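Below you'll find the structure I mean.
Think of it as A, B, C and D in the order they're written, each chain with its own count starting at 1.
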Amino acid sequence: MSRLTFDVAHMLAGSLVLVSFLQLYQDRLYALLNIYAVHALVLALSVAWQAYAQDAPHLYVTAAIALVFKAIIIPIALHRIIVRLGIHREIEKVVGVGPAMLIGMGLVALAMVVMLRVTAEAEPLAREDLAFALSVVLLGLLMMVTRRNAVSQVVGFMSLENGLVLAATGAKGMPLVVEISVAFSILIAFIVIGIFLFRIRERFDTVDLQVLDSYRGERR
Amino acid sequence: MALITDLFVQGAQMLIVLLLAPLLTGFVRTTKARMMRRRGPPLVQPYRDLVRLMRKEVVLAESASWLFRVIPYLIFAATWVAASLVPTFRTGLLFSWSADLIAIAALLGSARFFLALAGLDVGTSFGGIGSSREVMIASLAEPAMIMIVFTLALLAGSTQLSTIAELMVAPGVGLRVSLGLALIALIMVALAENARIPVDNPATHLELTMVHEAMVLEYSGRHLALIELSTFLKLLLYVSLIACIFAPWGVAEQGATSAALAVGIVAYVGKLAGGGLLLAVFETSIAKMRVFRVPEFLGAALMLGLLATLLLFVSRSL
Amino acid sequence: MTVVILVCAVCWLMLAGAAVAIGRSPAGSTIIYGGSLLLAVVSLVAGTIHLLGHAAPAAVTLPLGLPWIGAHFRLDALSAFFIVVVDLGAATASLFAIGYGRHEQAPLRVLPFYPAFLAGMNVVVLADDAFSFLVAWEFMSLSSWALVLAHHRVPDNVRAGYVYIVMASFGTLALLLAFGLLAGPDGGYAFADIRTSHPSAAVAALALCLALLGAGSKAGLVPLHVWLPLAHPAAPSHVSALMSGVMTKVAVYGFVRIVFDLLGEPAWWWSMVVLTLAGLTCVLGVLYALMQHDLKRLLAYHTVENIGIIFIGLGLGLAFKAHGMAWAAALALTAALLHVFNHSLFKSLLFFGAGAVLTATGERDMEHLGGLIHRMPQTAFTFLIGCAAISALPPLNGFVSEWLTFQAILVSPQLPSWGLKFLVPAVGALLALSATLAAACFVKAFGVTFLGRARTPSAMAAQETDRFSLAAMFLLAALCLAAGILPGLFIDALAAAVQALSGERVPVQSGVEWLSIVPIAQSRSSYNGLLVFLFMVISGVLAAFAIHRLASDRLRRAPAWDCGYPDANPATQYTASSFAQPIRRVFGSAVFRAREQVTMPPPGDTGPARLHVVLHDPVWEGLYLPLAAGISFTAERLNGLQFLTILQFLSLVFAALVILLLVLALWP
Amino acid sequence: MTFDPVIAVLLIPAGTAMLLAVLPGYRLTARINVLAALASFVVAFSLFFHRPGQGQYFHVDDLNNVFIVLTTFVGFTTSVFSASYIGHELKIGRLTPVFLRFYHAMYQVLMFAMNLALVANNIGLMWVAIELATLTTVLMVGIYRTHEALEAAWKYFILGSVGIALALFGTILVYMAARPVMGEGADAMVWTSLVVRAAEFDPALLNLAFVFLLLGYGTKVGLAPLHAWLPDAHAEGPTPISAVLSGLLLNVALYALLRFKMLLAVNPAALAPGQLLVTMGLISLVFAAFMLYRRRDIKRMFAYSSIEHMGIIAFAFGMGGPLANFAGLLHMTMHSLTKSAIFFAVGHIAQVKGTQQIAEMGGLTQTNPVLGWGLVLGVIAIAGMPPLGIFTSEFLVVSSTFARAPWLAIILVFGLLVGFAALFLRLNAIAFGEPRGKSGETRASYAPMFAHLALVLLAGIYLPPALVGWFQNVAKLLG
């Protein structure tokens, strides 16, 4: 694989991490959704690049899914849900942006350290990709736990899952990648529908999880 | 032949203790009276009492059970057996090995057990007082007794009275601290067991002070006579116990001549007299203590016994 | 023989199954108890033959339990002796229950578990590998637990069952650890392997402590005894008899098996631990008992005391064995095992008596009884024998074993180690103390329950119990007397077991003239129950004869004199608690922080004065309540974790992930 | 083509699911459900006698053979139980026929997913199957549409999804580790070929992979602190599902973990996963044991007891060694039988009492003897008392541990004792004492419960040599 392809792949993966940080930075829902769209877009690009680099045509499907489903449909759907449910646009945070950023840095560093312990004979592309993917996953998780708002949590989960797809595609010749990305898209669809369902069922007047939690099974 | 004589001696022993027991009590009473500047009853008064009681009819409480009527015999039997196993004028009695010191203590214990039951049988409050206090006293007296037994047994390497007595006669035992302690403890126990002053007053019938008398309150006639007799026996037993352990002089050996036996008997009577005298002096010189000071008194005895046992090791190890 | 007993066990289990079916029918209880009686007799005979025949150990291995080990069963002298104890108790209990069981309101809660219980106890004694031992052990606990809950509508019984089952599983886990330690990491669970693997000193010591915890908690060693006085009285009386008289002995068996057989050579200090615990158990047990006025609970506490006596014997055995004084060890062990046998006799007898009283009056509280000797003379007689026996009065059997224990104690000065030299006499003093306190306690028990005047109508209306129960009680009473006046025979009978444990045996007794027992040497000490008995009989008869010849035998019934007080109502009698009051003053105030306050009515008021006694159980309040409080506190704290939000749970996962990654990052 | 039981075990539930999705009528669907479950059980049982050769995607070996049969068996008994249970739910109107159809279809889907996860030879396939199983159960947990049910489902869903994601990442990492050695393509995900050459894999990657798999599948296993979804899901879902969850799904997830543990066991350079498992196991055990005390909802209580037992099992595998591993496998089997039996009992009890609150139950052995004693027996079994099977495994775990790591064993025993005390505290309240709460009658089907308990009892006394042989082989592989 030529130097260039490697650099491009590297650059794309790195920018995915960057976008994750951007997501962490947001405090308005719409902005967050847009950033997520970008996130998905970058993913799509890098997957496509991998498809080209490994000349594995089936990866293009994954790229397409990422593009169409995640970068377009899902953001729009969430957009409409926000409107329909009249969720207020703020993102309530557990941890402020600054600390969240710092933690994020720490996580990335952790991911790097863990990955660098891997002997280099697993060839560099995979290794670097994995490092980035791991940091994207961790950042997504961080996003999930530091944001109260359901939508932002969904977004966090989705970016986590983007990290997975990145890793999967980075793993050269890994079978079932397409199936997995499809499965995950279904999963995400489930989540979104779930949120929507609850609204329609008139069970919860907002999907803010705090209200959900007030229905915890066993009272004290 | 030897068996015959042994049997004879054993029988003689049993008779002697039975006959001497009232006399000892009478002697103690008389001497006490004299010391108190009273004339006091004649020496043979106890015999008269017994005979009189025998003649009287028994007045049995309605609520008394069959056990109440059996108990006097049980008590008498136990005490008599115990008394007849203590070497008085001759060691190595035929049956002495059938019960060692522990067993003798236990026999007295069973006598007390049934006496206490008798106190409860009629179902009167005074019987209850008597029994409960009696068992409380016993619960301390018997361990003290056992500790004394330990001391002697460790010293003599045996719990057999005959063996102990023989060892004591033999030179080389010498004076020992632990023996002294044991003696004191034994005397204290003896006072408690025989319901003497300062633990109990054998003469009184003031309800709240009495222990032993309260238990036998409901007894009358021949039953009372038996119980009295066993009380006498018990006193005699303890005196002769102390005598045969701490003053075993003059006691005839096994298979001794009749002369030696005679000496033994005389010596024994002498010891009894001495013991009675000392008891009388002691009783006249101090006052009875409150019931709930008795535990301290007996606790002291117990401590002395334990101390005696432990000191034994030290003095041995010296 | 092993097979015979195993077959009996299986038959018992079948009976248990059958009981579920026929339990309701009136004939059901008779069939079940009759069958149990039959089986008990069979295995009793088998055990006796093996014991007296000095037969070689008979081992059987079945393809059950752990497949690569199988279930080993072995009948050697020791287990044969305990088989005899167990099945004698089982037989008498079944006989008693044929009559007693008729009064059972909820037969289906008793009948199925009773035979299972018997089977369990027999198998424990036979088991020869850790797994089957523990299975049988826990099975025994389970079935007895179910029996404790037989009358589960009484709230106290449910509580008792709870405490019991928790303590039981605590004991089992302790034993499990002990076996795990002895078996080693690759699991040689068969006792044969454990015997051959000689554990290091530390391992053996740890195993000893675990065995003390495990077997001790079942036997009722202080401070592990708390369940015993709750559970034993809660069960139906014939089961109480089994639990107190027999199951505790099975626990003793477990201890002996592990410590004397499996652990190899003891270290000298082991005995110090055992002796100290045993002495405490003696005295505390009897003091607890003195404070009770529930008849069955009083008996249960006395079980604790007697277990203490047994363990004193065992402790001495350990001490002597550790110093290579095999003959003395033999003496001590003989004393212990003989007391095991004796206690199983008179404790069952006493519980039967209590059961008879319970059925006759529906009362367990002595304060509501009294005068029963008039209503149920035969029960009273046997109960009296039992009381005399347990109070160690000659010429009954209780005295013999305690006498032997004393003899063993008197050997202790020959021990080289100073600690023991001083400890043992102190333990002896405790033993003597507990013996006399026991006598006091049973004066109270018998006197308040059977003597005096009836305190309640129910006591007034009592009826003599049925003939099966009486047969069982008389049988046991006779055995108590027999063991008391012919101790030599029994000592010889268990010589084989002692031989196996200590490598020595006490001299043959049956040869001694006049059938007296001479544990060490004629000149040293000897006791002849037979002669003492004959003596007492003769002199008593003599006295009676003389009196009835010479003296008047006139007799007049009259109201009690009572120092001239008018015939007061029965309430004025001494009650159990008032009887115990002097002793409570002397000992209780120290041990139980006993406080009495009297509320006097004002002058002129004819109302009764009331006496309130407050007792504090040192063990329960000092050990168990804090433990429970601690657990409850932790549970309360942790419970908060049930009520976190999804977000917080997610962060838990997140934290776990990060921590694990850190671990990886820092992994060398 | 020859008859392949593995394919059949997968096809039967799948086909039935589609069929049930379209069929109306509660009785009919319930019957079909039972029949299908029975059929797949029979088929699976035939695996005992001849195993098909391993393929690229499916394989049957000593490890999963038993679990397949177990799963299908419990699936069958549960379907029998659920027939009567659901009937009652329908009567009191907690469920509508529409949902019932859905319910039965989902039941078969779940069966399919679990069987797939068990027979899968491809780690990716295994992952897909477990994800499917999770989603199905999510839907079934929420089926009552009450606040609590939906909340539980939602919680389960979110946590489960995260778990799935982590597990996938782990799987990818395994592939990454395998690829340099085994070359690209599907072969690098076939477990049977992985385990052969795992020794040459990059240890660091394997470790990382195992961490993610542990967390991912550990969430399904319900190890603390990943357990959060488990109690509520058990408590709020229909009882048959609780039984299947506790009895089977946890097992399946744990089975997946075991597969990967084998990989690490082969690789000398990789970190010994033992410590991780031991730690999490002990945490779960002690934590769950204490949680048992404050429980008021009977189903939630037994859910926590499931966590406790998963902790024990994880601990056993963590300790490793032939005895402990054997014990762990045995414990998995026994636990799934016992726990599902308990849930059968609990389901009927809840229907009889009309509530799940322990406070409103009492004296059950008095009012409903069969049910009450069934519960007592179940709790005795789950508390690890002989002569029932769980005692055997606990005996092996504790005794084999104490000789090696005394302190761990002490903690283990402490946890066991605390949990034991809690269980019996509640059992006393429920089964004994004066009857409390209302006691309606129910036409309960006791057969499944007692069938399970009988098996557990049998196993406690006698273990068939074949089973022992397999478990011992697996125990060796597990290191």
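Please note the rule applied: contacts are C-beta pairs under 8 Å (C-beta built on N, C-alpha and C of every residue); 3 or more make two chains touch, one makes a residue touch a chain.
All values derive from a computational prediction rather than experimental measurement.
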Co-neighbours of chain D and chain C - touch as defined: A
Reaching chain D from chain A through chains that touch each other, fewest steps: 1
B-C or A-C - the one linked by more C-beta pairs in contact: B-C
Farthest chain relative to chain A (centres taken as mean CA coordinates): B
Centre distance in Å when chain A and chain C are each reduced to the mean of their C-alpha atoms: 69
Gap in Å, rounded to a whole number, between the CA centres of chain D and chain B: 78
Approximate Å spacing (C-alpha centroids) for the pair chain B, chain C: 35
Chain centre separation in whole Å, for chain B relative to chain A (CA means): 100
Overlap residues in chain D, where contacts from two or more other chains coincide: 154, 158, 162, 204, 208, 231
Chain C: positions in contact with at least two other chains: 642, 646, 650, 653, 657, 661, 664, 667
Per-residue multi-chain contacts in chain B, two or more chains: none
Chain D contact footprint on chain A (complex, rising order): 114-115, 117-119, 121-123, 126, 130, 133-134, 137, 141, 144, 153, 157, 160-161, 163-164, 167-168, 171-176, 179-180, 183, 187, 190-191, 194, 198, 201, 203, 212-213, 215-218
Of all residues in chain C, those that touch chain D in their complex: 63-68, 130-131, 134-136, 138-139, 142, 149, 152-153, 155, 158, 161-162, 165-166, 169-170, 173, 176-177, 179-181, 183-187, 189, 631-632, 634-636, 638-639, 641-642, 644, 646, 649-650, 652-653, 655-657, 660-661, 663-664, 667
Contacting residues of chain D [partner chain A, same complex]: 124-125, 128, 131, 135, 145, 147-148, 150-152, 154, 157-158, 161-162, 164-165, 168-169, 172-173, 175-177, 179-180, 184-186, 188-189, 202, 204-205, 208, 231-232, 235-236, 295-297, 300
Of all residues in chain B, those that touch chain C in their complex: 54-67, 73-74, 76-78, 80-81, 84, 95, 97-100, 102-103, 106-107, 109-110, 112-113, 116-117, 119-129, 131-133, 135-136, 138-143, 145-147, 150, 153-154, 157-160, 163, 205, 207, 217-218, 221-222, 225-226, 291-292, 295, 302, 305-306, 309-310, 312-313, 316
Chain C-touching residues of chain D, taken from the complex the two chains share: 154-155, 158-159, 162-163, 166, 204, 207-208, 211-212, 214-215, 219, 225-226, 228-229, 231, 271, 276, 287, 290-291, 293-294, 321-323, 363, 365-366, 380, 383, 385-387, 391-392, 395-396, 398-404, 409, 413, 416-418, 420-422, 424-425, 428, 432-434, 460-463, 465, 468
